[in-house]
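Shared between the two complexes below is chain A, which has chain B as its partner in the first and chain C in the second.
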Partner chain A sequence: MFKLLGAFCILGSCGYIGVRISSIYKKRTEIFRFLQNGLTLLETEISYCSTPLPLALERVGKKINKDCQPLFVRAAAVLKENKGVTAAEAWQAGVEALGHEVPLTKEEKELLFIFGHGLGGSAKEEQVKNIALTQKQLNVLEKAAEEEQARNQKMWQYLSFSIGAVIVLILI
Partner chain B sequence: MNIELIFQIAGIGILTSIFHIVLKQAGKEEYSFIATLAGVAIALIMVVQLLAELLNQVKGVFFL
Partner chain C sequence: MAKVIINREINKESNEVLSGIATFPLKVSSLTWFQALSPHLQELVIDGLQSFMSEIEEIRLRVKRPIIFRVGDREMTVTAQKEFTLQLEQGYIITREEMERTVQILSQNSLYAWEDEFKNGYLTIPGGHRIGLVGRGILEQGEIKTLKDLSGINYRIGRQILGCADEVLPYLVKKEQAYHTLIISPPQCGKTTLLRDVIRQISEGIPELLFPGMNVGLVDERSEIAGMYQGEPQFQVGLRTDVLDACPKAQGMMMLVRSMSPGLIATDEIGKKEDIEALYNALQAGVKVITTVHGSGFEEIKERRNIQSLINWRFFERIIVLSRREGVGTIETIIDGKTLERLR
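On to the complex of A and B.
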């Protein structure tokens, strides 16, 4: 009786870990999609409304999906709180905050950092160009993340249950 | 001789083949090879103990 209960516990926990890991892949794809949306919103704020950057970031942060929120909210907060901080530094802090939520590779972080360097330091047209370029690159990243998701999501689900079953078999 | 062990080894064999297929489909051939090797090693460890028992019994038969 206890053996059976333990076996179910091991199977359940291993399966849960697998589902959690596979959900990270899904989250990454979504993050890149919503970041593109966020940049579109930011572009509107910059080019159409000419909103100051802290306010623009805050507004975008309010409108955007929950997973992407830390990036914009943190950047806006850093810009508002600290006097003398550049937009690039604030954006960098935002990217780091996003990195805590979702695992990002070094190249992906680098891409976002580079975008931050063009933020708030030039004319409107330049910034709009910068946003368009970053959106294109994010689109490429989204495609790659989607491919990765298709390959790895199923694998982790099957694998975690099988690992649980092997542990149960060895222990019984 | 308990029959459980045979089922255990059979189960490990089946799960090892599942590992192999899943990892290969995910494009991770090197890991699938390692997983298969680990499965074989685990099964071998179980069998070796039984083999040692068998050898001891054979020795006992001939009073060695």
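On to the complex of A and C.
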């Protein structure tokens, strides 16, 4: 009886770990998709409303999917609280905050940092161009993350379950 | 985090500084210009110029040249060691980096949001202070598109002196009507400050003169009178005042007459031909006008091409001349525009 219960526990927890790992892949895909939406919102704030950056980022942060929120909310907070901080530095802090939520590769972070360097420091047309370019690149990342998800999601689910089963078999 | 704490300490100190000086009522919120300086310049001001904090009228930053503060008629500076001095050449030298950081703070890292302001060469910050800018112009089809490589910034610190118009108001209103008024003044003599207080009192009503108050339309072409920042006037301009911010005077006056039915239209620094036409139009709509003009005296203004016709036509019923003779805002004389007699 206890053996059976133990076996279920091991299988269950291994399976859960697998699901958690595979969900990260899904989250990454979503993040890249929603970031593109977020940049569209930012573009509206910049080009139609001429909203200054701290307020614009805050507004986008309120509207956007909650997984992407840390990026915009943190960047806005850094800009508001610290005098003399550059938009690039604030955006970088936002990217780091996002990195705590989902794992980002060095290249992905780099891409977002580069976007930050162009943020705020030029006329509207240039801002719009910078946003459009980054959106394109995010789209590529989204596609890559999608493929990764298709490849790895199932694998992790099966693998974790199988490992669980192996452990149970060994213990029995 | 450290920066936040510094800011808080500075706020506390400036409170103390202000409470020590009782020349005219000042609130801490009137130190908003201070928040628009870079942290390093804030330190310089706090350490070197603490006792002048409430009297600074202008701060000039020029790349590779010393920072200069104007207090009344005097110019002063602060050395890199944060010491006060009147020897301007010993002052702290503004670096290009310092300049760029200041622009970032002024624009909130959002140059795109101030395109028009850069084109015009000035912007208004919270508190209604005006920041003048110079640099290298970028042209598009012969017109200035924007400025780059900013080389000079001038903080013009706006002050509101409630009640500074008390002396002139008895001459400007009669029963329930205001007179067409022209304020003549050289630069830096408190022309805008006086106009602002006249507007506020006429808008709110003056119990001592049994004047009930009337709707005032204010065309604030350079965002100087009301100091509009994101839709909120930063100075008290009265509860019956509608502000048309950053609009050309002539167009703005006509817009106000049509849209808000004001009893009085106020505007700053007329002089162009179309301004004069707009004044005539306002007159025909039965609206009173109060405005200002740059000039050292009535005699000089009489010679000006566009203003001349208004004076000869006896458009203005009251003409106030300001000077700096006994300090900023000295009322030199008040003239009845119809009879050209001195009333004061």
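Methods note: the second predicted complex is superposed on the first by the 172 of 172 C-alpha atoms of A that agree within 3 Å, B and C clash if a C-alpha of one lies under 4 Å from a C-alpha of the other, contacts with A are read in each partner's own complex, and residues count from 1 in each chain.
Just so it is clear, contacts are C-beta pairs under 8 Å (C-beta built on N, C-alpha and C of every residue); 3 or more make two chains touch, one makes a residue touch a chain.
Because the structure is predicted, anything quoted here is derived from the model rather than measured.
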Joint occupancy of chain A by chain B and chain C, clash or fit: fit
In the superposed arrangement, does A:53 touch chain B (first), chain C (second), both or neither? second
For A:170, select first, second, both or neither according to whether it touches chain B, chain C, the two together, or no partner. first
Of the two partner chains, chain B (first) and chain C (second), which one does A:158 touch, if any: first, second, both, or neither? first
Mind working out whether A:86 is in touch with chain B, chain C, both or neither, as first, second, both or neither? second
On chain A, which partner's contacts cover more residues, chain B's or chain C's? C
Touching partner for A:5 - first (chain B), second (chain C), both, neither: neither
Quick one: smallest Cα-Cα gap between chain B and chain C in the superposed arrangement, Å? 46
Overlap of the chain B and chain C footprints on chain A, listed as residue numbers: none
Write out the stretch or stretches of chain C touching chain A in their complex. 3-4, 7, 35, 38-39, 101, 104-105, 107-113, 115, 146
Contact set on chain A toward chain B in their complex: 151-152, 154-155, 158-159, 162, 165-166, 169-170, 172
The chain A residues in contact with chain C across the complex are 46-47, 50-54, 56, 79, 81-84, 86-87, 90, 119-124, 126-127
Can you check the complex and tell me which residues of chain B touch chain A? 4, 8, 11-12, 15, 18-19, 22-23, 25-28, 42
